[in-house]
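Provided herewith is a single structure, encoded as structure tokens, for subsequent inquiry.
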Amino acid sequence: MEQRSESFRWPIRIYIEDTDAGGIVYHARYLHFMERARTEWVRSRGVALRSGLEENVSYVVQKMSIHFRQPARLDDEVWATADLVDSGRVWLGFRQQIIRQSDGVLLTEADVRVACIALDSGRPRAMPEAMQAIVQAKTE
Amino acid sequence: MEQRSESFRWPIRIYIEDTDAGGIVYHARYLHFMERARTEWVRSRGVALRSGLEENVSYVVQKMSIHFRQPARLDDEVWATADLVDSGRVWLGFRQQIIRQSDGVLLTEADVRVACIALDSGRPRAMPEAMQAIVQAKTE
Amino acid sequence: MEQRSESFRWPIRIYIEDTDAGGIVYHARYLHFMERARTEWVRSRGVALRSGLEENVSYVVQKMSIHFRQPARLDDEVWATADLVDSGRVWLGFRQQIIRQSDGVLLTEADVRVACIALDSGRPRAMPEAMQAIVQAKTE
Amino acid sequence: MEQRSESFRWPIRIYIEDTDAGGIVYHARYLHFMERARTEWVRSRGVALRSGLEENVSYVVQKMSIHFRQPARLDDEVWATADLVDSGRVWLGFRQQIIRQSDGVLLTEADVRVACIALDSGRPRAMPEAMQAIVQAKTE
């Protein structure tokens, strides 16, 4: 996959907390990094998650297909990217990558489907208007 | 500190997720282990945390003094102990240890003060009756 | 997918550390649970990870396709299953599920490909004999 | 405790991964934040942790006394501070705080003692010269 020039990207530093006894980043941590990038992307467009929770709106990962190509290591700086590539009334489809900053090497890539749910019932619900506006602006 | 024969103890296995690039358990993980032991101790006396949350009751660690003596490592089995040693109307004082099962060596010990709070306001509140009964049974 | 009667399964309790502000288990935690099940499966057949590390052998997740169907919640008890469904000279293919114990509901399922690597170089290497024997016993 | 004007401080954003079902940051996470601040402080003075590991030098938390005063919440921005207040040949003593950026409220404070160890033996060892120079520059 070519990296698109317009990808949203967020810088992340690898700390000792992210590593494991194999000397590399623990695989589940990349999911954290990707969620940070998605969070910062919506924040950069004016939507904060906490106000969502207060209005009974939450977002949950529904499906994920992920390829761990090469490991990140302690002290590395990486980019976590987030591109909205598809969406429906109640879900968002992201294409995401983890890229090592020093040499641009692709470490991890994933397709992630996030669903909008009602916090109390856990059931899918239409995204709030502010989020719909973001999605429309992106995919038009 | 001598280990009291009546200490509540909970077995915990060390997984790769618990370790870091130094080859040992990441220090903050011991706080997780100690919370598991406190949780299992109250559960063993009939109190579940989730029903607490549903009744607007939560428990938060207020203060902690911890001594990391020796590290646990991948595949180790440890005991996490929890002894209620003091309490007030809105708080519990625990003495806790992490002990390696294979040779009984004390790895970590801590004094932990836990406060009962109202989930919505975050303010201290009197413990529910079920918890008060546990405390009374223990300290009498 | 039908659950096979012979699935290896490992019991896991959900603690507050596993949850997030949405009131459910944080999605990346299921990857931890699945790794615990894989680890316990190989342990049940006599292979420990730490001795592997000492012999320059490590196992890393290479690819993962995961479907988060329903969330686990605080205090839940779940089974994490691990079935070896395919393998090569340097990799293992697992089918895994997270199942709620109280009612048998399937919460999460995943296909996971794990590679055997040399700890120092990070390059794929043939699995040690003990692991090859486990794989052969399983797939014959 | 008054905040000293010269405190080293590092900005940290609270993500959903940092929170728990009580709606606040999970208590053990503050230890991660404090370690990030210590790491960035030594990095700002030219010492990287990974090169330390490659030279058989590691740093481990030995003792910690921590007061969780008020919780951080999702989307909050906090400062994690790190002040070296004392040291010996094989250890460093830090005073650390977590401060909410929006209003300067002190959320958590801790005294942390970090030991320098040999990575292979786990035994205390004199700090490398580069680190000793940092310590001297700070405490003179």
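Order of writing sets the labels: A, B, C and D. Residues in every chain begin at 1.
Please note the rule applied: a contact is a pair of C-beta atoms (placed from the backbone, for glycine too) under 8 Å apart; a residue touches a chain by one contact, two chains touch by 3 or more.
Everything numeric in this text was worked out from a predicted model, so none of it was measured.
Participant: Can you name the chains that touch chain A as well as chain B?
Facilitator: Touching chain A as well as chain B, we find C, D.
Participant: Out of B-D and B-C, which chain pair has the most contact pairs?
Facilitator: Between the chain pairs B-D and B-C, B-D carries more contacts.
Participant: Which chain's mean C-alpha position is the greatest distance from chain A's?
Facilitator: B
Participant: Roughly how far is chain C from chain D, going centre to centre by Cα mean, in whole Å?
Facilitator: Whole-Å distance between the two chain centres: 33.
Participant: State, to the nearest whole Å, the distance from the C-alpha centre of chain B to the C-alpha centre of chain D.
Facilitator: 23
Participant: Could you please state the distance in Å, as a whole number, between where the Cα atoms of chain B are centred and where those of chain C are centred?
Facilitator: Chain centroid spacing, chain B to chain C, equals 27 Å.
Participant: Which residues belonging to chain C are in contact with no fewer than two other chains?
Facilitator: 16-17, 21-24, 28, 32, 35, 53, 73-74
Participant: For a test of understanding, state which residues of chain B touch chain D in their complex under the given definition.
Facilitator: 21-24, 27-29, 31-32, 35, 50, 53, 58, 60-68, 70-71, 119, 122
Participant: Within the complex, which stretch of chain A touches chain B?
Facilitator: The touching residues are 16-17, 19-24, 26, 28, 73-74.
Participant: Please give the residue numbers of chain C that touch chain B in the complex, ascending.
Facilitator: It comes out as residues 13, 15-17, 23, 32, 35-36, 39, 43, 48-50, 53, 73-75.
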